[in-house]
Structure formats: structure tokens, C-alpha cells
Amino acid sequence: MNALTPSRRSPGMSTTTIVYLALVAILVIGAVLVSMSGRNLFSNANIVDLLTRSSLLGFIAIGQTLVILCRSLDLSVGYVMALSSLIAATTMDGQVSRIPIAMAAALGVAAVIGLVNGVVVTKLKVNAFIATLGMGLIIKGYLDTNYAGPAGDVPEAFQSFGYTRIGPIPLSTIVMFAVAAAGIWFLHRSRTGHHMYAVGGDAEVARMSGVRTDRTVITAHVLCALLAGVAGLLIASRFGTGSAGVYDDGYDLESIAAVVLGGTYLLGGRGGIGGTVGGVLILATLDSVFNTLSVDPFIKDVLRGTIIIAAVAVYARRSLSGAPTRRRFPERPPEPDIPGQPGDTPTHSETGAGGRP
Amino acid sequence: MTGGNGIAARLRTITERVLSGSATVFVLLGLILVVISVLNPKFLEPGSLMLFIKKAAPLVLLAIGQYFVIVSGEFDLSVGSLVGAQVVIAALLINGVESATVPVILGMFVGGALIGLVNGLVTTLLKVPSIIATLGMMLVLYGAIRWLTGGAPTGALSESFRVAGRQGIDGVPVIGQIPWALLIMVALGIGAGFLMRSSWGRTLVAVGDNERAATFAGARAWWVKTSAFILSGLLATAAGILLGGYAGVTAQVGQGLEFTAITAVVLGGVVLGGGRGWVVAAMAGALTVEALFRLFTQLNLPSTIRPTAQGLIIIAAVAYAAVDRARRQRTPTTIGTPRHSDVAS
Amino acid sequence: MTAALLSMTDIQKSFLGVQVLHGIDLRIEAGEVHALVGENGAGKSTLMKILAGVHRADTGRIELDGAPVAFDHPLQAQRAGVSTVFQEFNLLPDRTVAENVYLGREPRRRGVVDTRRMVLDTDALLADLGIEGLSARSRVRSLSVAQQQIVEIVKALSYDARIISMDEPTAALAGREVTLLYDLVERLKQRGVAILYVSHRLKEIFDLCDRVTVLKDGRLVESCDIADLTPDELVRKMVGRPLSGLFPPPLPDTQVGTERLVVSGGGNDQLDGIDLSVRSGEIVGLAGLQGSGRTEIAHALFGIAPFTRGTVELDGRPIRLRSPRAAVRHGLALVTEDRKTEGLALNQSIASNARLVLDAVRSIGSSRRARRAPEILSSLELVSRGPHQEVRFLSGGNQQKVVLAKWLVTEPGVMVLDEPTRGIDVGAKHAVYSLIRELAADGMAILFISSELSEVIGMSDRVLVMRDGRLAGQLDPAQLSPDSAESAVMALATGSTETDVPR
Amino acid sequence: TTDSPGADDQADPGDGQSSDQEWFVQADYDRELAQRSIQPEGDPDQPWLQAIEPDWVDTSGFLNEEGDATVCFSNASVSNPWRVTGWLTMQQQVEVLQESGDIGEFRVSDAADNDNQQISDIQAFVDAGDCDVIIISPSTTATLTPAVQTACDSGVPVVVFDRGVNTDCAVTFIHPIGGYAYGADGAEFLVENLEPGSKVLALRILPGVDVLENRWAAAQQIFAGSELEILGNEFTEGDGAKIKDIVTQYLERGDVDGIWMDAGDGAVAALEAFEDFGVDYPVMVGEDELSFLRKWKETGITAIAPVYSNFQWRTPILAAMDILAGEQVPAEWVLPQSPITSADLDEYLERNEDMPSLHYAKFGGEDLPGFPDAWRDR
């Protein structure tokens, strides 16, 4: 059991690798099943479909990764997305000239909501689960009261964000990957990024070391809400109008699932955006496969549930309980133990993975 | 050290508990009830109080179950769809046949326990974070049940099935009717209270607080947690029986209850992440949530704006409790995450 | 007189209405090593945390070079040149050594974190302190307790501080590392750095320190040159009463009986060829360097990382210890080396921690035994605000006492103590020693792991010495004469000689 | 049920004000109320083929001889009993046509009420390029418009039914009369059957769904012209427990003489609230869901069951066949929609005798070979 093994583990990288291995596995299996039904999973149509599906969830999941790394959580993303789509659409009101302010307004509001989330979590010390659940309800009330149904009108020019394609790759997906890259860079190369890992790992230690923990968590929440806002823009551009309805499409939980599928540790401090993108692609692949096989919608849910659990189980055990230190007396033929190897201690070897019960 | 005599000590624990975050919920509950009864004195009549309890009982049971899981450091997001599944299956199997009622109910409890068992084992043995494990279970149940019934509930519940949630002991002086729901709720509440004072309960809290230490002390952490999930499954089943009894089968039954239940438990001052909290307060939390809904209708608040009010009140209450706790026991570890917390998967 | 480098005057502090510091004064000159001693709960750590800006004093003045300062945040203290090695570890297990050392002040080039420089600088620091086998890139999680402690110290140094306070820095260290720390401190003195040094190990205090300040129950007892004191006087000032000889002799009615626990050929992936036996009434010491595998033996016996080879017999009957639960059921007890992560449920009350094992492993007599908890706790001289206080509010030492109590109530037949006196003050240490003697007298078999050689030698009937996962040898009562023993143990531990363990 | 012809929805509520008026378009209101009394063209025994005031469009351009066509259906969801019933009917209809070789492959994607998902689904159909006809049941009116437009532009004939979209590019748009008519049927019944000054409670499912808003808007219109007192309108998500609780609370505060619902889900729970509270039943507006019809019969209450014709799920398939056969179809195919009254209650009860309680009486599949098993044992 995890509680029994000394909590030492090999670097997070390896988890991400597993995520992509899982993705490949699912792609292969999916491809086989689809081809058995006489179709081709990698047909242009399906690739487009797969990528389009991934972009929306992608934006949200990337943001979710940041808050989860900080040992927080955001259950209000769905509502922020809905709100932002409405603000954008109603502000644009069909005029190309108003696209910029509309985007600014939507993202601005989203950021403010993120700020509030962050402040409530850090300063008022409300558990993020409840804080953001509550924030979600607050927005819901506002939406239900003020937007009875779809509203606003998005000009063609902006709809292109949702529909343009470069080759088989939708523009929105390219943007999503760009954002992901930026996020990865941010986590590895900015102080705030480093501090997010620190705060998630152990807020007290971070504080003692002079990290402004609250500010870090708040930043994460703002960024997360911003990305939910971007998702809202994507929605608006695809719907040609704003829609309150999207809030109960379950993106909140799905994004968390994607993050965890991506190998990020729910209790913060480990993981990264690279994995999350993998997680998102896994979920999108499942949807595409189910669709091309036109699986019964209810069975779909059953399968998704099972596969999510299974996939996480595959590497949860490994990534949580760490590899032991140098195994002095290996039962099996000894794995190469490379003392003093760069980036490694005499006592610590990545190859020792899972050597213990 | 001073080992005060039994009663004094017990009183001390109670007060300490009430002080440590639980106070808010009782105050809030009292407040809401007062406001309601000012708006509508009829509410205080035993009759309508009983009707209120009838409605609230299922959530209270769910809150108890959720409490066990949360205090052990986990989540159970599957209870909502479990309640739904139970009611729909009951309707499907009973299909109006009185004689089928009892066997089906027994079957439901077995089923509930099994779902809990799976949740528990997936969480403890497969090391899948419980949010994900139970989220997956939520999807599976949701899909499975609709697949089974072709999308919409079929069949019908028998009258005897509905007794627990709908009837009561009639002809009681003053009160008129004591709902079975009330008795069941109280009985299970007391049961839970004692359970938490048993060694199982103490171990459960210890595991939620520091799984590693508890394991080193000889606790079977995996089993203790799993049994918490099983209890949650059983209580969800009981809640399903009350709910189905109260209102019969509709396609939506149970939807979203998991979040309401968690909210209730947290309102009760139980700390997400485990190791702290009092089951009685969790039950009070459930009553508070229900009272809140009731208050909104009394105020004739436009339905659309209610979620906003609900969100604000919940955040405010939890924030108050949290800041309060923080103020009362300032210590390096309140903001910091205790080092052991990273072994609790 | 000239302004001292640091002077703290009339510091008062209370937690939840309980005053834990009553008007403490403290003066430290540049280049001086200043010892801060006192019993568990005396207020040492609290005073340090105030200096470090973790807590804020209720009243009192802090001056650096005569200029008054007030730190609300560790960062301010560090900026002012005051850095601290706290009693609890303050590292992020999942980040690298470099990331930990520079946490909060990552070096940047053009606004971007310069990871390369971060690593180089850290390696430089390590080299500068003459530490090998520790890479700036390795994750802290993969380090031994000792190595982690060293990273802590390196981190504190990296602020090029003028004052460094260390709260029990050697608590987790043995032999080699302690000496490493010694010349580290020397070097800092040369640089004119002042050091505030908290330790319960008298030897270190007399080896290292120039002045000493003694606290008792949050009050200042006295502050004087170490030269003016003998160890006994110091102890008397700390405890308020003289302690009859540090290690109590075996109780008269103790008789070493039959072999109770016998391990033959025990091994797993950290251990090999472990042959040891503990008789009832016997105290067997287990010595060795940090990382030599003593804890592994404890864990193996307790079924945490069980033996995969060899046999274990209890009272002559072969048993399989596959889990801590099984071990507890067989009447074993393990006082783990790390109380915070392995010993205690920090948010629970003293009372419920004390009966944790009884609750976790239900058995006949549990409730009867639970009733003995208060008595046992008081016999350990626990300082607390009653059985309902949460243990996280206890001082380090008092927490350790709760751990001991938790096991004693189970009335075990075999007790494995891994660093039982780590971070415990002299007074309490003495209590623990006599307790161990009593247990032995009651016929309990005791395996006693410690990094404090004097302690192992002073208390044990036999001493086994570990080296790199194997038993390097053993010293019989005859060889345990205080003078020669220490060198003999070190010789075995470091492998300069080899003697076979008699079967 | 939460389904509607979006033809009603041109309003733009985005101005941030939700006066219910924004859901009220006088012209549409008048048209729908009028359509109720117009005799539809076609065989009354096949209401799913009847059409009110059709204007026929020529589809010869889509003629496709070789039969066994690939029919692609993008479904919003089967997330409520009404849609489930309809979906069963549609599948049965398809089977018949597959037997006869008119339909080859019937390709379905279900968007589970997720607009974005459905946009992708439709996109996928278009990209796949081998659909002979695309049938769409949009999950929301406005949001699906661009996707439907793309489908039309791909040159494949498009059939839209149930909810509409803000484009008439589809070859035909099939729907029953609509939400105003539905809402009015119930409201008028209450006005006729209640004393002036009686108290009416309005129970609604969700805010913001065009059809439901239309039903409520029409009801308000009619109540406004009456002496009935509206106690309040509450959202229930169709959850029996909520409905029962809310009704109980209103009873605690005073009498309730009539109940208007924008959809029948949970009508039974509402009636039970009266039973458990020990007061007389109200005048009731439900829906043609069997659980309600049976309760109605058993309690003998004064009630009406407005109908949102479930048989419309058959029509799109048949329309698709007509189009592929090059026969003309109505541009807007308005199906009849008439409530069930005490007069024809018994008839519908015994027609659907062994159907499950969440089945819809006017599902119009009685003549399909699969009847009754396909609907009974699901």
C-alpha cells in the first residue's frame, strides 16, 4: 500500500510519458475497432472531429491544471464559460468593429470572477470545492435571471475562430496548443510558475521561504477563469450567439477528469500541462471513436466512466507511491544503479520503480 | 496531564467540537427557522414541521453517508446517481406488485453496499483519487440505468414501498402524524453518533487525518475507508427509498444530490480532506440547506435568482466558520498542508 | 556598552490565551555561537519563530545593530540577514534541491527563471561546504533524513545571513554528519556569522557554543558563558533539579530470560543476512550511520517492508509479519523515527492519539488498557493543556511522549524504539530511560535504535552495529565500557574492522 | 418536455432584461391559436402525415433512385421520457423502411444536450460526405443555426424537426403547432373551469428554454385577461420531490384551486401533495404522459392534458423518403396538436393500456409492426 512505501518517487516526467502511451494505446485500439466496422478513425473527417472536440475542453483543462497544481480546484468554469459567451455575443451584436471590446469585456469579467474565487479561497479560507461551487451558483442565478436562452449575435468574422481550418487542423485547436505551450513555458520559466508547484506541494513551506502564497493561488484562479473565458469565446464563435445552456454540459468535472488523466496530482505540487493535453486528447478520442461506432448514448457514459477510472488506475499507483531508494539487495537481477549520474543521487535511481509492495 | 472525569470530559469534547467550526451551522439553522416562522407562523405548527422533515430526511441521510466518506479524507460523488438508480430499479422490478416490495428493498441495500464496495476498493487499492473514482461511478450508474430502462423509468412503485417516505404513525395527539421518515432519520442519526464514538469511528477519523500513522498503528486503512464508502452506499439506498416513497418515480430523481449533500456536510463544519468534523453538525447542515430552500419560497424570491442567494449564503457561512477557526487556533499548520497529507491518496 | 548584533528584549508571547514566553531577553554578538536550551515546551522554538518572523511577539523589542526591527514575514527576516533552520523540515519533496534552496528567490535573467544558474549556484554552495554525493538536481524526496537536514542548512546559508538560528539541527544526524555540521559551524564563525543553536545534546553545546541561554517554562533562567558552567550545572538549570546519573542502571529485579524475538537470515531489498535475537528483559541496541538500514530493520520487523528472506520466531514459534496489524497482534510495538508523518494524527486530541492503536486493532482488554492512558502520559511528564488538546499544538518533545504512550498502553511484549529520544529534552529523556528499564524489568524485549552513541551504549545490554544493510558486528556487555565502546562502534559502523556476529 | 418549434423564437433576450414579454411575439401567438381550429390536410388516421396550411416545395433536385439510402440523424438527446418515446417510434419507422430496402444505413449521433457536441456531430456528417439526407433535431434554436447552415450548404437535403433554427435553408422543417398553443390550451381550460378569483399555481421546468417560455408567455397572456389569481410560478426541474414540496408549501399558506404546468413531468407528484395535505384536488393541467392520464382517470379530477405531438418523430423519416423520391413536401410542415380532454381520455387510456407510465399517449406508432413490444419492454 502507498501508505507503507517510503514516499520517494522518480521525476514527474515519467507520468506524462505514461499518459501519452495510454493515449497511443487508446488510439490504436480505437482505430482497430473502427476499422472492423469498416471505417477509418484517421480519416480527415474524424481527425477534424477529434481535434475540434479537444479544443474547447483543452482551454478549460489547462486552466484547471494551474489551480489543481496549487492544491485548489475550480468548479465554476462551466458558468464562467457560459457568461463569457453571452457577454461576448451580446456586446458584439453582429458588428465586426465591436469584436475587440467584446473580447476584452468577456475576458475581463472572467478574470474578475477568477480573482474573487482566489480571494475567497485564500483570504476567507473557504475550501476551493465549496467556494467555486458557490460561485457557480451565483453566476447561474445571474444567467437564469438575465439571459432566458441564447442571446447576442456574433459576426461571421469572429465565427471563423470556431470554424476556420488549416488543413485538417481547426484554428481553435491550434490556439489551444499555443496556449498549452505558453502554459508549460510559464510553469517552468516564470517565478510564479515555480511558486505554484511550491504552494501546491506545501503552502507552509512556500510561505516560510518567502513565497507570497495567496498571490500565487489567486493568480492561478484568475488564469483558470480567463481560460474558461476563452472557452466561452470559442462557444460564442461556434454558436454564433451566446448561450447560458452550456453551463450544465459538465465541463467542470470533465476538465478535472482530464487533468487527473493527465497525471497531475489532485493534491497539488506534481504534474503539468503537457499531461493534461494528453488527458484531453484521450477523452476526445473516446468520443470520436464512440461516435464513429455510433455507440448507444447510455453505453457511452458507462464506457467513459469505466475507461477514465481504468486509465487513472493504470498509473495512479505508480505516480503516487514512489520508487524506493537504491535497492541494496535486489531479488531480481540488479537493475543498473548509476551513482553520481547527473541529476541523480547515489541512492536514488529511476529504474528502481515499483520495487516494493 | 489532567484526565477530567468522564462527563466533564465529554462536555468538553462537545463544546470544543461546537466551537471548532460547527457553531455556525446551528446558529444559521436557528436563524433561518426563526425567519421562516416569522414570515409564516403556520410553519411552526407540528403538522407542517413534520412535512418539512419528510422532505428533508433523504438529504439528512445522504449527509450522514457523505460525512463518513469525507471525514476519512475522500469524496463520494456517486450518491446522486445511486439514489436515482435505486429508485428507478425499484420501480422496474416491483412494477406495482406489492409482494415484490420487501425482496426488492433488500436487493437495493445489497446493491448499494456493492457500489460502495467498488468505490472504496477502486479508491484504496487501485489508488484512484476518490473524486475521479466516484465521478466515474456516477457516469457508469447514470448510463447503465438509462440503458437498462431504455432511457426513461418504467414500471411503478408499490404502495407499501412508498410507506416509509410518505406515511407515518397517524392519529398522534397534537402532532397528528409522525412520519416514518422522521423516526428513520433520528434512529440512523443516533446510530451514526455512536458509530463515530466506537473504535471504528475513531480509526476512521485518524485515517482521514494521517493515513500513514494510522496504518503504522495497525489500522487497515483500506478497509476502514472502504467501509465508509459502503455505509455511504447504504445510506444513499435508504435515502432513495425515502425519496421514492415521498414523490414516486420521475426521470430526474436524485440528480445533483451529491453536491447538495457535500455542501450540507461542509456547512456542518466538516473539513474536506478529512480528520475533522462532527456527524451531528453534518446532519444539521443538511437541515440548514433544506430550510434555506424553504425560506426562498416563503420570501417569494424569484426562482431564477435563488441559486445566487444560495451560493452567497453558503460561501458566507463557510467563510465565517473557516476564518473563525483560523482565528481561534492560529498555528503554522493551518495554512500549511501537513506533510503527511501527501500519502493520503 | 556597544549594541549587540542581535538583542531581543522582554519578549512575551501567548497562544490562545496561554502565555508561553514571559519577557525573554537575548543578546548575541557577531561571530558567537549561542546555545538556547531548555526542556520540551520551554519555548525555544517559539522564540526562534519570533526571531524568524513566523510568529509575532505580543510585546518586546528586537534590535539588529541597535536598530529596532519588526518581522511579520520570514522573508523580511531573511532580507535583514536572519535565517533559520526550523525544527520541522521545510522542504518540498517533489522539487529538486536547487529549486528548494532558491525557492522564493529564483535567479532570473531577463525576467525569466534561469534554471541553469540556479543549479550551478547550488552545486557551488554544496561544494563550498564540502558535501559530496548530493546533486542540486535530485529530488528531495529521494534523499535520506540526513541529506534532507543538510539541504535545510544549505538553504539557510544561501541567504548569506548574519544570524543563523538552528533548531535541533542534529536531531536527525549521526556520527559523520554531526562532525560535518561541526566544522560548518566553525567556518561560519570565521565569517563572523552569529549562530543561535538549539539542541538537547549537551555534548554539542559544550563542544560548539560560546554562550548559553537557559529557558524554563517560557521564563529566562539565565544567560552566561558556557565556560562558567559544568554539564551538571546546566542540566540542573534546565530541569530545576539535579538528575542522578544520566543513564539509570538496570532495575535490580530485571532478569534476562529466554529468547523472545529471533530473526535468522532475514533480508529484503534493503537488508541482507540479518541474524538477531532479543531476550525478554533484554535491551538490545542497534547502532549505525545514517542510512545504514536500522530503520529498515524496524520496518521489516513491523511488516511495513517485510523480510522477503529468512525466518522470524516469536517465543519459539515461527511467525509471518506481513503487515503492521499482524505485528501489533503479535504484541510488537514500533516507535517510529518520524513522529509527525508516521506517529501521530496531528489534528486529533492527545487522548484519541493515545488510544489509536487500541482502536485500530480491537482486542479484548482494549477498553481496560485505554483507561491507563492518562496515568501513562503523566508518568511521561507530558506538558499539555489537558487530554483534549490537539497534538499539533504540542512542542516537539511532548508530541514524542504521546507516541510513546500510544504504544505503552498496548502492553507489548516486544518493543522497537527507532530514535525514541529524538528531540526530547534531558528531563524527559531521563524519564524515557527509566521507563525503558522498567519495561525490561517487566520482561519486555526491547530493540533500541539510536544515533546517539552514548545513549545506545549507556542503555543497552548488547549493541548490534549496522553497515549498509548488513549487521557489521556486535558488542557484548564486556566490550561496553563507556570509554572504549564509542570508538569500537564507529569502527564497526564505518567498516574499519570486521567481527562476526555470534549465532 | 422541453421541446419546441423554435419558429416561435425570434426574440433576443440578450438585453439583460427578462420581462416575459421578450418571449411573446403577438403574430406567432395569434397564428398558433388560429391553427388549432384549422382542419389539417391529409388522412386523420395518420396525423403524422397531416399538415396545416402547407405550401409545397419541389424536391426533384434531390431525387435518388438506387434506394437503400444512408440516412444520418443528429439527435439533440434522449434525455427525457418524451424524447425517449419519440426515439423509439422513429427507430420502428426506420426498421420498416430498412425491410423495404428504402433505407440502407441509419447513422445516428446523440449530442446528450450538448450544443457544441451536436455542432461537431453535424460537422462530422458533412465531412464524412456519404449521407444521402441529414435529419436534425436541434438541441437549441439559435446556437445550432450555423451548423445547420453548413449542412444545407453541403448540398445534402436537410430535414429539421421539433425545435427549429433561425434559417429556412432546410428542405422542410417539421413541428407541431407549437408552444403558444400548448400553453393556451391549459390556461383557457383553467379559466373556463375555475370561479373568478380562484388561485392558480404555475409550475415550470426550467428558465430559458424557448418552448417552455412560449408556453408560459401564452398562459400569462390568457390569465391576464381573466380574474384568476396567479399565486406564483416556480421552477421544479420536473423533479417530483421538488414539485411535491413546493405545492405543499403553497398549501400551507392557503388554498390552491388550480395548477398550470408547462410540462406534465411530475404532475402526479403535484396531485399527491394535495392528497397528503388532505385537501381537495385542484383543477389540473398535465400532459399526455400516461402516469398523469391514469391518475386522472383514477381520481376523476377536472383536468386537461395538453399535447405536444409526440408522433412528430415519425414524420422526418417519411419526409426524408419523400425528398429522396423527389416528391414535394411542405416547406414548413405543421403537424396537428390537440389536447386530450375528459371526452377522449378513456380512448387513449385503453389504446396505451400496457404502456409504461412515462409513455406518451399520442405517440402514433400503433400501426408499426413493432407495436406494442418495442415501447412496452424497452
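We just call them A, B, C and D in the order they show up, numbering each chain from 1.
The rule is simple: a contact is a pair of C-beta atoms (placed from the backbone, for glycine too) under 8 Å apart; a residue touches a chain by one contact, two chains touch by 3 or more.
This one's a predicted model, so the numbers in the text were calculated from it and none came from an experiment.
Of all chains, C has its CA centroid at the greatest distance from the CA centroid of chain B.
Looking at which two chains touch through the most C-beta pairs, you get A-B. Taking each chain's centre as the average of its CA atoms, chain B and chain D sit 37 Å apart. Once the centre of each chain is set as its mean CA position, chain B and chain C turn out to be 43 Å apart.
In this assembly, the C-alpha centroid of chain A lies 30 Å from the C-alpha centroid of chain B. Chain geometry summary: the mean Cα position of chain C and that of chain D are 74 Å apart.
Residues of chain B found to touch two or more other chains are 151, 212, 215, 303-304, 332-333, 339, 342-343. The set of chain D residues that touch two or more partner chains comprises 18, 78, 207. Contact with two or more other chains is made by residues 54, 93, 304 of chain C. Under the contact rule stated at the top, the pairs of chains that touch are A-B, A-C, A-D, B-C, B-D. Those residues of chain D whose C-beta lies close enough to touch chain B in the complex are 18, 78-81, 83-85, 87-88, 204, 207, 232-235, 237-241, 243-246, 248-250, 252-253, 265-266, 268-269, 272, 276-277, 356-358, 378. The touching residues of chain C, counted against chain A in their complex, run 54, 73-75, 78, 86, 90-95, 99, 103-106, 108, 112-113, 115, 133-135, 137-139, 141-144, 147, 155, 267-272, 291, 293, 304-305, 308, 468-469. Of all residues in chain A, those touching chain D in their complex are 43-46, 48-49, 52-53, 56, 86, 89-90, 93, 143-153, 159, 163, 235, 238-246, 248-249, 287, 291, 294, 297, 300.
Listing the residues of chain A that touch chain B in their complex gives 1-4, 7, 71, 120, 124-127, 129-131, 133-138, 140-142, 144-145, 202-205, 207, 213, 253, 256-257, 260, 266-269, 296-306, 308-309, 312-313, 316-317, 320-321. For chain B in complex with chain A, the touching residues are 77, 122, 124, 126-129, 131-133, 135-140, 142-144, 146-147, 151, 211-212, 215, 221-222, 259, 262-263, 266, 271-273, 302-312, 314-315, 318-319, 322-323, 326, 332-333, 335-337, 339, 341-345.
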